[in-house]
Structures are given as structure tokens and as C-alpha cells.
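You will see subunit A twice below: alongside subunit B first, and alongside subunit C after that.
What follows is the complex of A and B.
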């Protein structure tokens, strides 16, 4: 039964990674914005939980406030910065990298560089035979599955999603059909950032909340898109599974360093063999 | 009526249209002909707001279009079928049509029965992905997609490009019929003379980004010299 725990851990990591990568993919696939500040938005979601906990608010209130707050922050960032550099990926790297540094330093100024911890709302363990696993981690996995499913449903089954996919595929053609591309860009960016905030809030009780935590998820998130392909949503699932699974399992079975090397080798191999990613999409 | 006055437009510093003026009468099909690189596609893109204008005015039934964002121009009643069709290959026929309806002021698919009446193939293949269609079928879908918004004017950019001749004629006849039936104004950019003769009421010739001549179809039918002069035919 020793192999089950790493497998469940890997699945847990994959789901969080997919949640983060989905936000990144929406923003990149649609607007050509490589959002280097996405990890910091994820981190701010976790810090919202710290503030809520310190204010005595219930855990659930934090889970509602975090995506709303980070989504609002996303709206402000989109209005002041991102909308001026749509479809200019290189410019977006520089601008959002600067933004990520600023956000990180603001958190350091406000909370200090030391890590914070969030009490888990559910302390119990779920036991099946000889296998035991923290109930909260299972709840996070369930929530991540619901959120991923909800995002897929929104993009594949709703009118908003139809327009968003059209803008991803052919922005000019979509505009000639009367689709307000700027409006869609704005709200897709807000959805992407709110997802990051919610992911940060959900995972906060399972990790150390510190100003550097975003980077640890941003890089695997980008690698997931690179490996899976930025176009189709399903590419993020494939990429997240490949990157997250490799990273998580090899960390346990060999070492964290070997896992990192394997993930980067995987990314290089995919870029060399299939530049459009495992499931196609933008190069 | 679409009025284009003293238009200057192009790509960055390179101007393609020079002081271009043209009036498209309501309810008529006007064909714009000219050799490759003369500015035909640039004109349509400029009308649609896909290219910024350096100067000049464009108005539809008196409503200025210049300076509007592309989606606003579409909502003002300009339908556009781009060169190469540009249907959404991963979308079904229904999704392609639904998308256009969402972008229009109508917002609904109330034109769908009429569209199926004009193009029965679309009803039969409503759940088929557009990418599996032939070039001609994709062209029909692109035209239907533009018509579903009930435009006042339809801009067609080389609709016969890459399509087999039998379907070209079929599309030409159908569009002429739709224009007569609904009073739809059409600006057709085309090099296929047969298509122009099938559809057009008026013909305009463009050369080096300027309007050179405008005449009725009758004059074109009686005089091949214009085709020789402006298309080297």
C-alpha cells in the first residue's frame, strides 16, 4: 500500500497545478499575455486567508473573499496595465514581472518575510483499510475538480465560453462578428486571476504561506501549458498531469533535484518533438 | 448607402489607399475589381475597422463608421466575409452561427429558418464541425454567418477563391437572389469575371489604391476593354 500515498499526493498536486495553469492558459491563450505575476496573485489569495484568520472570520468566508479580492485586483491590473499591452507577449513578460516584484515586496512590507500558517478547518483523517489521508486535502482535491469542471463547462457550454474560444482562435474575425473582444479580454483576465486567488486560498492550510510561494507554482504552471499546449483547455489537463505527476512522484521516489531535472527534460523534449504541445494549440 | 470619401489607409507607414472615394447604392450589388495588390482587401479591412484610417470618411446610411471599433461597425449593420472564409474550424455549424447572433444587436437566432431556406445544407449539417467542410461549404457557412445578423451591407472578399466552379456559380446566383429578395446591399471584391457578371449591378475598378472607373454591368458586358485595362484579361 506504500505506493498509494505518493499517488494521491501526486493527484492532489496535479489538481492544484491544473487550477493555476488554467488561469494562466486563459490569459495567455486569449490575450497573448504571459502573466509573470500569476504566482503572486495565487500568493495573495493565501494571504487573504491569513488576514481573514487574524480577523476571526470563518474559513469559508475567506474562501469567498479571496477570489473576489484577487479578482478585483485583477480588474485593476487589467485596466491600468494589461489592456495597454494585449497581444504583445514580450512586453507582457517585462510588465508583469515588474508587477510580481512590486506585489511581493508589498506583502513583505505588510506581513514581513517570515512564513505564516493557516489552521486547517478539518483536522480529521480519512482512513480506508491501512491507507490514511488528511480529510482537508481530499476536500481540496474535490474542490479543485469542481472548479476545473466549472471552468471547462463555462468555456465549452456557455455563450461567454463560445465567444471566448472564438477570440482565442481568431480575434479579428470574432470582432467582425460583433464580439467585443476588449470586454471579453477583461473578464477572462478577471476569471483567471480569481481562479489563482481561490487556488491560493484553498491550498493555504496545507503549505507555508510566504512571499516566495508563488514562484514555486508559477514555473510548473507555465511548464504545464508548454507541455500540454496553450490552445485547447484539455491541453492544460495533459500538461498538468505530465508535469505535476513527474515532479511529485520523482520527488518521493528519487529526490526533489532529480524530479526538477526530469520535469525540465520533459519540457525540452516536448518543445523539440511537438512545439505545439501534447494536444496542440499555440506555439 | 455606403459612402467612402477621400480614404487614405494602409499598413503602418505604407499607405495602400490614396484618396479613395466610392458610393455604394442601397440594394445594389457593386463589384470592386482590380489586380492583386491594388488595395481591394485593404479597403474592406479599413471599412471594418481592422486597419486604422490615416484620413477620410466612411458612413453607412449617414452614420459615420470611421473611428468605431470593429465590433461596433459590425453592429451598425456591416456584415463581412473575409478572404479565406475564416470560419471557426473547431466549432460546429450551429456554434459558428450562434456566435454571429451573439455579436449582433438581435442576439437571437431568429434568422435561422431563413438561413436554412437559403442554404439547406447547413440545416442538414448543423452539428458538423466547420473544419470538416469543403472550401465551398465553408464559404456558404461564412456567408450565412454574416447574414444571420441581418446586415445592411455585406462585404465579400474574394468569395470564389479556392472554390470549384460549379459552387462558385451557385453561390453567385444565391447571393444575387438574396440581394433582390431582401434589398441587401453588397460590396463584392472579386477577380472572377463570371461571378461579377452573375451578381453585380455596378462595377468599380481600383488601381494603385485609387478608384479609376465605375460603370454599370451592361457597359462591362459590352466592352471587354475595361477588363483588359484593369485586370489584364
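What follows is the complex of A and C.
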């Protein structure tokens, strides 16, 4: 039964990656904005849990506060920063990079550079025959599936989602038909950041929380989007599965370093050979 | 000639600077000159060529490592002269850039945000690789790299003191600076502007967009590799940080803060940022990085041409010089 554990680990990593990439994807697919500070928003979600733990609030309260707080931050970022550079997509990379440096340093100043740990709310293990796995990780996986499903539902089945997809496909036509694109951009950005915050809060107990943690998820997140294809929303599932799955399995089979190098190189190859992504059609 | 005057003036200012500076600051200024050269290389490829390269440190690092390996005699123990090392370093960065550029730009190619993410990923891959390549020092890097030796034909003339190092670097860096200033105003510079703004029209006029893109990418990589090679002779130490992600983004910040579309502004951006860093980080400690991030953000939004380029071009307009 040795092979089940790596597979479950891989699935768990893929789900978190998809959750992070979804937020990036909404922002990139809709507005063409590359949000380099997305990893830091994810990190802030985890630090909200640190604050909650230190002030004795229950775990669930943290899970509610984190997406609200990070979403509010997203709203502020959108109105102060992103709004002014929508028409200069390459500059959004630079500006959000500056933002990411500033946010990272704020956390360092506030909490120090050392890593923090969050107590897991559920300590038990789930055992099935010879296979046992921490129950909390399974809960995180379940929550991630729900969130991913919920995001897909929002974008595929609600009026908001229909309008959002219209704006992605034909921004000018959508605006002509009376859709308030400004409003949609703003709330999509907020949804994306809130998702990042919630993802950070959810997995905080399973990783070490430190100011540098964002980057380790940001780049694989971007590679997932580009590998999967930024067009259809489902692309992020394929991309996340490809990048996350290869990474975790190679980590077990070879070494973490070799896995990361191999995944990055494979991702670069795919992006170069299929710029529309694995699921994207030819333009 | 008129447009070269500002560069010559700046060079002369640097030349008299050691009269007023302590030994420590002279050696700092030598390092800044090398960073300035690196900034020039990014300004060329990004501001003039329109290729946003998020991994410019890759070429700097390749130059640094090749120089270290050559002058330490790790491959060819008979050929350890500085000049041979420099030639090898530049060749290696240029060849890598041509191979990488061909892979990235041939055919439909990738551009814009895709290119930024891919070059960033390449920088991370190479940093990982060098951190784990134990023959090349791994995470600890390569130590005891010999200093510059500018003697020829059996005569050794090694540069150990800060003053000769400074003036050698000053001459080398400003010769390249002048060369780039002339180049960007030549017909080649015109082609670069076309490449940046309307590559498809360039193709209609019968120019090979791929060749042009490769040429500017390779030229910029060669300069960055040269800067890397110079850096290790001064610093004596090559480590994976020279090739990686952090330095890449730092260069980007210098150039964007200064002004990517003006060589002079990019050069001054690098020097001003590095100077501010060593000066202000003593006063403000960790708040300095916070301030840098915020300043970068503000400058991208409010002054997209750069904090230094905007006043410089206003001044140049008044003096009727084209910078």
C-alpha cells in the first residue's frame, strides 16, 4: 500500500494549488492582470490564523475572518492600485511585485522573519486498513473541493458568472450591452483575493507559516494556469493536476529539488509548445 | 556627439569622485558601476527592445560562474588569464541567450506576461540547479576567485587596491555605456523601436523580427554576462544568488524606478537604489524594504516612465539635448 500515500499527498497538493490558481486565473483571465502579490495574500490568510490563535479565537472564527479580511484588502488594493493600471497589463506585474515586497516586509516587521506554527484543530488520524492519514488534511481536501466547486458554480451557473464570462470573452461588447465591467472587475478581484486568503487559512496548520511562503505557491500557481490554458475555467484543473501531480510524485520518487526543476522545465516546454494551454483551442 | 555629452559628463563626475570618498565608498562605487552596467543591459532589452525579461540575473550569473571556473583553473588549468575568462564568460552568456531566445521567440513565440513568467521560472530553475551542483560549490558557491589581471604577454598586473579597480571598471563601463548610447541612436536603434512598438509592420518591410529580437537579447545577455564576470573578480565570490530570482527582480526594480526607456536613467536608477539601500537601511533598518516596495508601486502607477527619466527628459528638453 506504499503507493497510496504519495497519491493522496499529491491530490492534497493539487487541490491547494488549484484553489490558489483559481484566484489568479479569475484576475488574469478577466482583466489580464498578473497579480504577483497573490502569494502574499495567501500568506496573510495564514497569518490571520496566527493572530486568531494568539488571541484565543476558535479555529472556525479564523476561517471566517481570513477570507473577509483578505477580501477587504483586495478591495483596497483594487481601488488604490489595480484600477489605475488596467490598461497597462505589463505594469501590473511590476506594481503588484512592489506590493508583494511591501506586504512581505510588513509581515516581517510585525511578526518577525521566523516561522509560526498553527495547532491543528483536529489531531486524530483516519485509518483504513493499513493506510492512515491525518484527519485534518482530509478535511482540507474536502473543503478545497467544495470551494473549487463553489467557484465553478458561481462562474458557470449564476448571473454574475454569466456576466463575468461575457466580460472575459468580449469586454467591449459586454460593456455595450450594459454590463458594468468596472463593477465586475472589482468584485472578481475581491473574490480572487478572498479565495487566496481562505486557502492560506485552511492549510496554515499543515505547513510552516513564514513571510517567504507566498512565492513557493505563486510560481507553481501561475505555471498551472499557463499550462492548463487561461481560456476555459476548467483549464486550471488540468494545469493544477499536471503541475501539482508531477511535482509531488517526483518529490517522492526522486528528490524535491529535482522535482521542482523538472516540473518548471516541463511547464515551460508546454507553455512554449501550446501557448493556449492543454485545454485551450487554437486561436 | 552632442547627445554623448551627458554620458561623458557623468563619467567625469565618477572619475573625480574618489578624491572625496573613503576607501570603503570607492570599493562600493566599483560594485555600483557593475550593477549600473547590468541595469544598462536590462534597459537595452526591455526599454528599447520591448522584451520584458524577468530573469536578467541568469546571464549575469552565467558570466559570473564561467569567469570563476576559468580563472580558478577548474577546467583548463593553463588558461586562467582574466581576458580569457572574460571572453569565455561573454561567449557563454551570449550562446545561452541565443539558444534560449530561439526557443522562446521562434515561430509564434511567447511574449508579454507569458514571457515574464517563463523567464522568472528559468531564473528559479537555474538558482536551484546551482545550489545543488556540488562540483561548482553548491549552495556555498565558489570562493577565492582571483582578482583582475590586466597584464599581457607574460607580464602580470593584478588589481588588488580599490583605486585601480575603480578606474579600470570606470573606463570599461563607460566605454560600453557610450557604445550603447551610439547604438541606440543608430539605424539599429530605430529598428529596436519598431520591434518594440510594431513588430508586425517590421516584418512587412522585410526585416526578420526573430533575428532582430535574438540580436538584442544576445547583446544584452553578453553585457550582463560581462558584468557578472567583472563582479566576481571584484567580489572574489560566486554564489547561486548571483544567478537567481531575487537579483533578477532587484535589477528590474532599479531599471523600472530609474526609467527603462533611457539608458542614463536605468544606470542612475541602479546606482541610486543601491546607494540608498546601503545608506537608508542603516537608518531605517527593515522599514527600508517596505519603503522601496511602496516607492516602486507608486512610481509604476504615477510615473511609468521612471522617477529619474521623467525629470531628466524635462531637463534635456530645456537644454535641447536628446537623451
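We adopt the following convention: the second predicted complex is superposed on the first by the 279 of 283 C-alpha atoms of A that agree within 3 Å, B and C clash if a C-alpha of one lies under 4 Å from a C-alpha of the other, contacts with A are read in each partner's own complex, and residues count from 1 in each chain.
Operating definition for what follows: a residue touches a chain if its C-beta (ideal position, glycine included) is under 8 Å from a C-beta of that chain, and two chains touch if they have at least 3 such contacts.
Bear in mind the structure is a predicted one, so any value in this text is a computation, not a measurement.
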Counting only touches as set out at the top, which of subunit B and subunit C does A:176 meet: first, second, both, neither? first
Tell me which partner A:272 touches in the superposition: subunit B (first), subunit C (second), both or neither. second
So, does A:66 touch the first partner subunit B, the second partner subunit C, both, or neither? neither
Output check: A:222 vs subunit B and subunit C. Expected answer is one of first, second, both, neither. What do you get? second
Figure out whether A:166 sits in contact with subunit B (first) or subunit C (second), or with both, or with neither. first
Tell me the contact category for A:81 with respect to subunit B and subunit C: first, second, both or neither. second
Compare subunit B and subunit C by how many residues of subunit A each one touches, and report the one with more. C
Subunit C partner contacts - residues on subunit A that touch it in the complex: 28, 32, 34, 81, 84-85, 88-91, 93-95, 97-106, 108-109, 215, 219, 222-223, 226, 257, 260-261, 264-265, 267-268, 271-272, 275
Of all residues in subunit A, which touch subunit B in the complex? 159, 162-163, 165-166, 169-170, 172-182
Which stretch or stretches of subunit B touch subunit A in the complex? 48-50, 69-71, 74-75, 80, 82, 86, 88, 90-91, 95, 98-100, 102-105, 145-146, 149
Subunit C residues touching subunit A - in the complex, by the definition given at the top: 52, 54, 103-104, 108, 110, 112-114, 116-118, 120-122, 124-125, 128-129, 131-132, 245, 249, 252-253, 256, 286-287, 289-290, 292-298, 300-301, 304
